[in-house]
Amino acid sequence: MTVSTKTRAFQLTEFDYHKISQAPVELGEVGHHDVLVEMKAASLNYRDFLISQGYYNPNLKLPLVPLSDGAGIVTKVGDKVKRFKEGDLVSSTFFQDWCSGSISQAAASSALGGEIGGVLQAERIFPEHGLVKAPAGYTAEQAATLPCAALTAWNALFEAGNLKPGDKVLVLGTGGVSIFALQLAKAAGATVFATSSSDDKLKRVKELGADYVINYKEILDWEKPVLEATDGVGVDYVVEVGGAGTVEKSIKAVRYGGHISMIGVLSGMGGVDPIKLLMKAIRLQGIFVGSREMFENMNAALAANEIKPIIEKTFSVEQVAEAIDYMKAGKHFGKIVLKF
Amino acid sequence: MTVSTKTRAFQLTEFDYHKISQAPVELGEVGHHDVLVEMKAASLNYRDFLISQGYYNPNLKLPLVPLSDGAGIVTKVGDKVKRFKEGDLVSSTFFQDWCSGSISQAAASSALGGEIGGVLQAERIFPEHGLVKAPAGYTAEQAATLPCAALTAWNALFEAGNLKPGDKVLVLGTGGVSIFALQLAKAAGATVFATSSSDDKLKRVKELGADYVINYKEILDWEKPVLEATDGVGVDYVVEVGGAGTVEKSIKAVRYGGHISMIGVLSGMGGVDPIKLLMKAIRLQGIFVGSREMFENMNAALAANEIKPIIEKTFSVEQVAEAIDYMKAGKHFGKIVLKF
Amino acid sequence: MTVSTKTRAFQLTEFDYHKISQAPVELGEVGHHDVLVEMKAASLNYRDFLISQGYYNPNLKLPLVPLSDGAGIVTKVGDKVKRFKEGDLVSSTFFQDWCSGSISQAAASSALGGEIGGVLQAERIFPEHGLVKAPAGYTAEQAATLPCAALTAWNALFEAGNLKPGDKVLVLGTGGVSIFALQLAKAAGATVFATSSSDDKLKRVKELGADYVINYKEILDWEKPVLEATDGVGVDYVVEVGGAGTVEKSIKAVRYGGHISMIGVLSGMGGVDPIKLLMKAIRLQGIFVGSREMFENMNAALAANEIKPIIEKTFSVEQVAEAIDYMKAGKHFGKIVLKF
Amino acid sequence: MTVSTKTRAFQLTEFDYHKISQAPVELGEVGHHDVLVEMKAASLNYRDFLISQGYYNPNLKLPLVPLSDGAGIVTKVGDKVKRFKEGDLVSSTFFQDWCSGSISQAAASSALGGEIGGVLQAERIFPEHGLVKAPAGYTAEQAATLPCAALTAWNALFEAGNLKPGDKVLVLGTGGVSIFALQLAKAAGATVFATSSSDDKLKRVKELGADYVINYKEILDWEKPVLEATDGVGVDYVVEVGGAGTVEKSIKAVRYGGHISMIGVLSGMGGVDPIKLLMKAIRLQGIFVGSREMFENMNAALAANEIKPIIEKTFSVEQVAEAIDYMKAGKHFGKIVLKF
């Protein structure tokens, strides 16, 4: 089965995202188990900035089609494909080869827009196992926000974690993972504590359901109001996205036997004192996105609870550098989307 | 520490609940680890009927103070009691000696209103470990509905089970356990299927959040609409309270690898065909109420989600026989409460 | 990549295993993700008898290459195959499409020698994901015994179950699953109770490490010595392979909160009384073989503990009907193997 | 019930273990739920050194009866005690109030020989819930080694962890926790890697079953042979007892998705880089001894597998300071015991 052999792609040719350029790339052949997708949207994660500057891995092979998170419409399926048909709206999975079960080194080496080419191209062939159907009622822009940030939040709380109604969850800041964690935790009947440096953003997280909000610029020891509001016990889960000195406070804010998810690749996180982990019997769990099965579980939750991603701003794919600039500024609330 | 040595109690003196009679009983001494409670309310479970007629265990020692589920106000605490103080509104735990961890035969032999005397007396001494604080904002009548039915539902879904947002839950009928399961599953972001023989009751479960309702008098093969609504896959959890032939249908309605909780002691449940369990890799889990730790987890969930028990009708404690008659008729929706 | 297009196969052409006949079948093409295996051995399971007589599913499409369990040597690999190379000794997976994670209906419909053609052919192409490497030090005959019986035992105890050292396990009879369960449980530091109708076989299970053995022909109430030896508590796990009236006794022999695995498709198992499950909070878990990831976990355990399968008797593949006769007689101890 | 009101105790009166002195202390009254134990042996943990010097908590109230780990013979039981009778050999639980379920701050504040008085006295009253029966066949000296080190190892591998046969475990050094972890992991069918700075000790761990041994004085990058022996994958579990720079190496030596237990209060452990946790999806689990239910599970495992503690040296209780000196020297292998 042969298809148009060239497609329009964006490429990182040197480690400078301002120089991402368009070029026709070979599309390849739609194999028995493959799916051709007309990409409609992509979303940004902080990792995309790190990769594009060579900070993430200076040895990545260039040129590279960037970005891990994409969504589009299925336009052709291989003859052995069972889970998709033409016209389906699909999202890419972050790790193309992590279907279910435990993560492995091989699975962890199959991330889009890094170890393998990403989604910023007009058409792209995926193996059937590297796609999921978008939640019912989602647009392509919405579906494009899910693969990395939403799934990371879901994994932290419901797969590596085991969040129950009535559990208390602390989310830090208002980036993509934190906002998804807030939305998902509220849908699950949890009580949510959220922090931000901006009262405006805190107002918005309250509207999304946060039960307690803390301006960490005003209250530097933000673990204290958390402890007060929990009778000195602390929260059950922290979704720790990093930042200078936050882990130390998270350890204070979590209960004995509690669960801290280590997420994100922000700089300046600092070291963790293992004695404190031990003395509170804390679980510090590295979360590296998640598997396709987890993604499907999450999509069921998003659809059933009519959760829609918070999209801060939408750019055109041609504005990819501008969009990364915007993300780098760190003032956004939720996700930044690129539209084909 | 000595207190009034006699208190007014209701007693089953022969296996006929119509002959439950009042008598003064010895109250005993409030030991170091004990708590004296002025009982304010109790609630009925079907087990109370079975016990009072000798159907549950014809060898139970009489006279017996009946009923497992009670709530009241703490009026005195032993000098080593840490978790309660005078004035606290508390519920009794069904198993007085199952604090946490796995169930044991010893723990299973400490049920109130059966192996040991129950809650239908004006004042009662409990060991500190046999009580929990009522959820914030609860009345005594509400707190009295929780120990057996609510905790059974909670255990089925969140302790033996591991319900996630987006999971699908099937509840059968509108008894206490089923209604609590519906309320808790909705709070946890699940999709709920409910059955009843009455359109009026189905209307009420819909108001409580049920997503799909089925009148099993009209649709005898009620597993079929469940399968249709789930693309032929079936639900993740069934809260199976028994009744003629329901298990067979529940096995059809649950997904491969799904979870059926066996609950309640209704007659006529029939046998389970193990071949069908095997071929769908189903888990059939006997649920026998739960531990105090589970009760505390549940109370956090009830408070955080502002779930209030559905009380069908409230009687005075003197009307206990009348209340059991009412329950036996099987037309109620939710819980039946007795008030001191 | 084209290979010899015909291979010698055994086929069930009508539901009578005495008429399994040899025929050349189309081998097909070794696709990108495919592996060509020269089959060296196969093993029998009771399911093979049921299938070949039409008892398992009278609607199975014939002709059918029978048998799910096979092992052989890799002779060619597709260009995208990563996990295998020529010369590897491999076993087939029972469910070709259950790689890891939860079972699904689709996965459960991919069983060799049933829904899809089996392993009784000289050469066979498998998808890469439908094979596992044999444990180090295994012969092909040994590797052929693992896909169904061993994996079922492993799943029951270590995947659906969570066996710890010091746990008590009851295995019934001396068929393939029971012997593997005994060997694996002993390797894991458990205490094992085993039953048989033959003192000779009990002597052999003792040699394999069983701590307590019971002749159920002599002691009809075999649950009683189990309870006595456990201070009245009962065992933690029962590996229940069925047979008239055994489930009822297994429920008596298991502890409160214990775990009974429902395994195998023997007739006459009888119904399970759900009230008894409830009153002891028992988990009755249907076990349907297992996933490839579980298979790989098991193989690590077999290799590390130098567990070798107990092979009762080896036939040539041409003697397949004779071998099934032998299995049907039910006097064997461990596995029956066919050799190419 | 009144008993001899004074007993001979050892007391820390200032933060200097060389000045631990004998004094008669009030024994108290054996309450309804209490058990009087004639202490026969105690064992040392590094925490005892830290406490006795004020390093652990300079605000501990003195005088303090030191040591958390003891064993003795029951000589009297309160009238409501069910689990013990006179003559039983029992061990104390490290946390007197952590019976089962999750750890809480209250439970974590009930450690013997720290928050509350320890076991170094001739007779001592314990609440029934603060004792466990010794494993069958144990001496008092052996039973005294279990409460802290053995239970920590058990919890790491089988309660917080979920060790299966065939899993790979790395233990560091030859202190009490590490040796117990080695013995328990081998009993569970795991493959064990062990490190030491001494070839003599490595010979001894090999005799105890270690599969791979590494002299970390000779091979500074000891993670490398671990990776080589696991085909570059790494181990499933690390029992990390601390020491300069070990965590960093442990992170390299553990597999993607692996489990590192943080144990012990050795100095110089250094910080943990959270990015590395994240990128391998590692779980870093603080282990703080364990509950009584875990202790009972462990004792079943010890008895069933006939595991006996490795006791390096036995002192008399009067030699407590000398024994701590000996422990401090850090040359021991296994446990140091004090005998009454």
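All chains are identified by letter, namely A, B, C and D, in their written order; residue positions are counted from 1 within each chain.
Here is the rule we go by: a residue touches a chain if its C-beta (ideal position, glycine included) is under 8 Å from a C-beta of that chain, and two chains touch if they have at least 3 such contacts.
Remember, predicted model here, so these are calculated numbers, not experimental data.
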| item | value |
| --- | --- |
| Between A-C and A-D, the pair with more C-beta contacts | A-D |
| Interface copy of B-C among A-D, C-D or A-B, judged by whether over half of the contact pairs recur | A-D |
| Gap in Å, rounded to a whole number, between the CA centres of subunit C and subunit A | 41 |
| Of all residues in subunit A, the ones touching two or more other chains | 102 |
| Of subunit A, residues touching subunit C in the complex | 31-33, 82, 99-102, 106, 291, 293 |
| Touching residues (chain side subunit D, partner subunit A) in the complex | 102-105, 107-108, 160, 232-233, 240, 242, 247, 255-257, 262-265, 269-288 |
| Subunit A residues within the subunit B interface of the complex | 158, 162, 164-167, 184, 187-191, 297-305 |
